[in-house]
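Shared chain: chain A. Partners: chain B in the first complex, chain C in the second.
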Partner chain A sequence: MDASNVIKNKPHKTQQQKTERRLSVWLMLPSMILLLIFFLTPMILTVVFSLTNLSLTGEAASSLHFIGFQNYLQMFKDPALATSIWNTIVFVLFSAVIGQCFFGFLIAFMMRGKNKTFRRIIGLIIIAAWVTPEVVVGFCWVAFLGDNGTLNMLAHNLLGMKPVAWLYTFPMVSIIIANVWRGTAFSMMVFQTALDDIPQEVEEAAVMDGATRWQLVTRITIPMVKGTIATNIMLVTLQTLGVFSLIYTMTGGGPENATSTLPVFMYKQAFVSYQLGYGTAISLVLLLIGALASLLYMKILKVKI
Partner chain B sequence: MMRENKTVRFVQYVVLAVIALLFLLPLLWMLFSSIDTHAIQAIQLPKQPTLANFMAILTDSNIMRSFGIGLLVSGFQAIFVVLISVLAAYPLSRYPLPWKKPFLLSILFLTSLPMTAVIVPVYQMFLYLKFQNSLIATTVFMISTSLPYGIWMMKNFMDSVPHELEEAAWIDGSTVWEGVRKVVLPLMLPGIFTIGIFTFTGSWGNFFVPFILITSPEKLPASVTIFQFFGNNGLVNYGQLAAFSVLYTLPVVILYTFAQRYMSQGFSFGGAVK
Partner chain C sequence: MKLSKWALALGIFTSVALLAGCGSGSSNSSDGVTTVKVAWRATGKGDSMYRIYSKKWIADFEKKNPKIKISLQPINASEGDYFSKLDLAMKSADTTPDIVNEDTFILPADAKAGYLEPLDSYVAKWSDWDKFTAALKKGSQGSDGKQYGIPGTTDARGIWTDLVVTKKAGLAADWAPKSWADILTAAKKIKQTQPNVIPFAMGVSTTNGESVSMQTFEQLLYGTGETLYNEKTKKWNVNSKGILATLNFINQIYNKDKTGPSLSVVMSSNYGSTIFQDRIPKNQVGMAMDGIWNTGNWSKDGAAPIANMTKVLAFNLMPTEKGQKPGYVTMAGGWSWALPKNSKNKKAAWTVMKAMNTKQLAVTRALQEGTLTVRDDAAKDPEYLKKPFIKEATQALQNAHFRPKNDLYPKVSIAIQQMVESVAAGRKSPSDAAAKYATDVKGIVGDSNTDTQK
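Moving on to the complex of A and B:
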């Protein structure tokens, strides 16, 4: 557009901009209102309530007042909080970062260049686990690992082993395996797309230059999908941080606090012990961890708008 | 694809088959037990396959009501998320707005927050506003939680519809609204379906929110009533639990199969400009 045109259009342009802005406000009003009421308000209330003696029952329920940082003092003195944070780290690290990402990559990598029908069938089975609702996944794994479940039956029939109470003896391992089972499909699909985008010539050239398989994978393939790996790790971390239903169905956070991650711990304090104020203080910790991961994710992605 | 020697290929086939088997086993339990009235916790081939478990679920009016409630909640949630996201996405995609960047960044930030974390204050808000046990309020809350994701995706889908096509419609005398309805929306139908289906399945599987916000049993959706099989006496009717699980998983499977067709169709309407 040349200069004379700009000058000629100027009054018209601002008029148009005004209309556009007015229209935009109206169009975005419904989402703004909903986000304000049900997203921002609860987040602000999280901070406010965490400073009160809010509770569902008892005297405190009728006389709400500020108690300063008492909930936080209680929280940091509570050994169960340290356990829950540790559990959350272990659960996220092993089920999301290591489990889902690693297996997702491995499966996607091995699927390359395989028989098309074979790929389809394997892909369908793995995606079926991902599509299944979380609660049903929990039931399926309880049936698999339960005292009278499939694993014990197989171990007894094939190896003559005595039944093991897997969910009780290895609770954390159990929920990690179930979450890996459920989530691997997502990483697999992400890596499949990324691997398909690697130009064939690059790998062929490396093979011509005498690269071994191992060198090919570590020096060519992985560096080329590095960005996807980082993005995927952040995405599955954020998804796994909030997992509640799966753990609730399988172990209820127990035995003791062995599988109580932050969401489960928050639920127990707020809705089982009726300490809403304390529960909110825990939510804030979870929100802050999520916010940190979220910001990190946006930084890694280098979002351009 | 590079040359691979035969042993490596063979080992990879075996490893993949074993992994697939491990993925299949827990699901097979659900399928086998659902057609077996004598189902136990361990997987076993049904001696007399029967649909009795399914009949028991399908004729139980309480269970059917919970399925209906689930369909309504998830259906409304999907429809409203799509509608409200389209409205918000249009100006974000088409107009140069001064506050566009901060708004979009906040939206992206919100998509990643663990929503589990705000349930306690939301519960408190519901108590205060006397919204507790209200399916409508619960649905509105669930709509709100899906909006950041919905708006973000919708804006991206809309960006990929070339602006020139819309302008051509304007020149032909269409209004902005007609341009959106006749040009933009039809072209981003795959995107709309993707967002709608993701929202629906997410909502259908959401156990936590209705579990906390809904208190009367007759208002609970299927995602919560599935727990009823863990009877008071500690006995579990595994056959019926499995049949319920199959029926409950079915809509999601159907929708994903549908969505895959749409998604594999791709978003290749760039050709329309050339």
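Moving on to the complex of A and C:
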């Protein structure tokens, strides 16, 4: 392309660019409006409502007014909040960060280079758990862990154990296992794609240099998919922070508050105790924890997303 | 340029369509016919409301009132969720039903919230209104003394006793508890003789909502001679002996004697159907503390029919703690029909409401649901008097207590449920749970509005 051509083309290009820009604005308008209506407005409303006495019934429901930071003060005085935050951290740490990521990686790693049919069948089974709606998964686990459930039947027939009320004796462990069971497929799929992208030559070269299998994994494979691990941990953490139906169907947050994570606590305050304003304030704390966790991961894993 | 014009048109069109889609175009009486939506809490298969307000009844009504159509809109939800769903629906004129079924405990709160239409001017012109039982009319008033509901049913609570089980446990055929200790002794006997039977059942899980506060906690507490709320001093009772005694009884059953249902049964939201529709018909429950309406489950067209119900079961009155006077107590509640203030069809709704509460339908409802009637004339109906256990239930009502008529009660009730659950699940000692309850109640009603009853 010679210089004269470039100069000749220039004004025409800006004209075209202008048109294109205008065009893109118009084409983006519907989605902008959608975002404005369904994203920004509720977000702003949530912040506003968290400062009000918004209630479902009683005197407060008829006289909506601002009460300043009273909801937040009430929240930090409530010992149930500390319990819920602690439960949320335990639940997310064990079911998302440790459970889903670890098992997801393990399965993806073990399925590498295996027979295609084998990969498909196993993958399908694991993904089946993931595509099942949370509520259905909840009910499956309630049935599995129930007094007359499969687990108690097995324990009775094989070990002669008396039936255990698993859901109420080990509530947190039960919901963590259920969530790991459901969510591992997501991590597995993410890791599978990442592992498939590692060029074989790199690993072959390492083997040639005398690397053991363990060294291969820790020094070559994992560092090469570090970015994927970080993205995955973050996605899984945010997903797990919001898990509600699974816990609600399995234990309802009980017994007492043993499995009451922040979403369950929020639901109970908003819709069982009829305090919508208080519920929205709790939801903002949940948002804050999600944001903090994301920042933390980015710092620790030193990756940009 | 041409493309840009298209894009402009497309952009505007989509945006307008989006915005238009957001507004709802619900116009009702376009052809002069008003649809009246009736909402209530439906309880799964064979909900009795369909038999009371049957297709035939609706067709007959619509023939007589060609300008009105009735649409039954059941809300399928657990007891706890029903009220929040209903409140959410009543908040907006676009979603509100035109007639709603309200539990009398939440009626004062919903009235205070401004969801309900005062009915005083309506009932003034209704000749049937004099036929309703006076005490129950009062139970459907708001804390401002206005009438907000038309009573639909009322009830009484006691101890359902399985005579097959008590016989095997060596109890007399006419065994009836005179104190809480009698219940504990009988439960232990049942446990010893029949390991597969649940000796004594009472709801304790927060998932069972209001019933835990009323049928378990208050039913026991009022038997100690104390009340939840002093209507005269307007103070809520906390840190009292009666509360502790009540929690000790629950603790005794669930944790010390282990004569209650297993935690998997009792913590589940299906507790009620498990006990009353599954285990009792199989003679697997010795005693269950619950309401008279369960006869509705066990009648011929109920969810779990029991032949010879009156021979197999007894409805024992709930004794006071130590058998002190008056010997037995019951909590009484009930459901009322109300008109949401946001409804645009109040006139038509009132016409339907009157038709829904005739004497004949009052009898039908009491028979179908197993509840007690709210009309004096229906109570004298020979068909009604043949109802199983009607004598016991009527006797129980003589010592009936009603829940506090206070718009904060629904919130206090949540604190009660948490207290009861924490004790039954063995997570808190009775005294710790009572202390936590005192803190919770003070937070809800304010420090100065609590008191300790002696």
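In this text, the second predicted complex is superposed on the first by the 263 of 305 C-alpha atoms of A that agree within 3 Å, B and C clash if a C-alpha of one lies under 4 Å from a C-alpha of the other, contacts with A are read in each partner's own complex, and residues count from 1 in each chain.
The rule is simple: a residue touches a chain if its C-beta (ideal position, glycine included) is under 8 Å from a C-beta of that chain, and two chains touch if they have at least 3 such contacts.
Small disclaimer: the values here were computed from a predicted structure and weren't measured.
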Partner chain(s) touched by A:Ser294 [first = chain B, second = chain C, both, neither]: first
Which of chain B and chain C A:Ile126 touches, first, second, both or neither: first
Touching partner for A:Ser95 - first (chain B), second (chain C), both, neither: neither
Touching partner for A:Phe139 - first (chain B), second (chain C), both, neither: first
Touched partner set for A:Ile37, first chain B, second chain C, both or neither: both
Chain B versus chain C as contact partner of A:Gly254, first or second or both or neither: second
Touched partner set for A:Leu167, first chain B, second chain C, both or neither: second
Which of chain B and chain C A:Thr150 touches, first, second, both or neither: first
Contact breadth on chain A, by residue count: chain C or chain B: B
Which superposed partner A:Leu23 touches (first chain B, second chain C, both, neither): both
Where chain A meets both chain C and chain B, residue numbers: 23, 27, 30, 34, 37, 142, 146-147, 271
Complex contact set, residues of chain C against chain A: 1, 3-4, 7-8, 10-12, 14-15, 18-19, 22, 80-81, 83-84, 87-88, 91, 106, 109-110, 112-115, 205-207, 262-265, 267-269, 407-408, 410-411, 414, 418, 421-422, 425, 427-428, 443
Touching residues on chain B, where the partner in the complex is chain A: 1-4, 8, 12-13, 15-17, 19-20, 22-27, 29-30, 33, 40-43, 84-85, 87-88, 90-92, 95-97, 100-101, 104-105, 108-110, 112-125, 140-141, 143-145, 147-148, 151, 176, 201, 204-205, 207-208, 212, 223, 226-227, 238, 241, 245, 248-249, 252-253, 256
Interface residues, chain A side, partner chain C - complex: 19, 22-23, 26-27, 29-30, 33-34, 37, 55-62, 74, 142, 146-147, 165, 167-169, 251-252, 254-256, 258, 271-275
Contact footprint of chain B on chain A as seen in their complex: 17, 20-21, 23-24, 27-28, 30-31, 34-35, 37-39, 41-43, 45-46, 49, 54, 103, 107, 110-114, 118, 121-122, 125-129, 131-137, 139-144, 146-150, 152-153, 181, 200, 203-204, 207, 213, 216, 238, 241-242, 244-245, 248, 263, 266, 270-271, 276, 279-280, 283-284, 286-287, 290-291, 293-295, 297-298, 303, 305
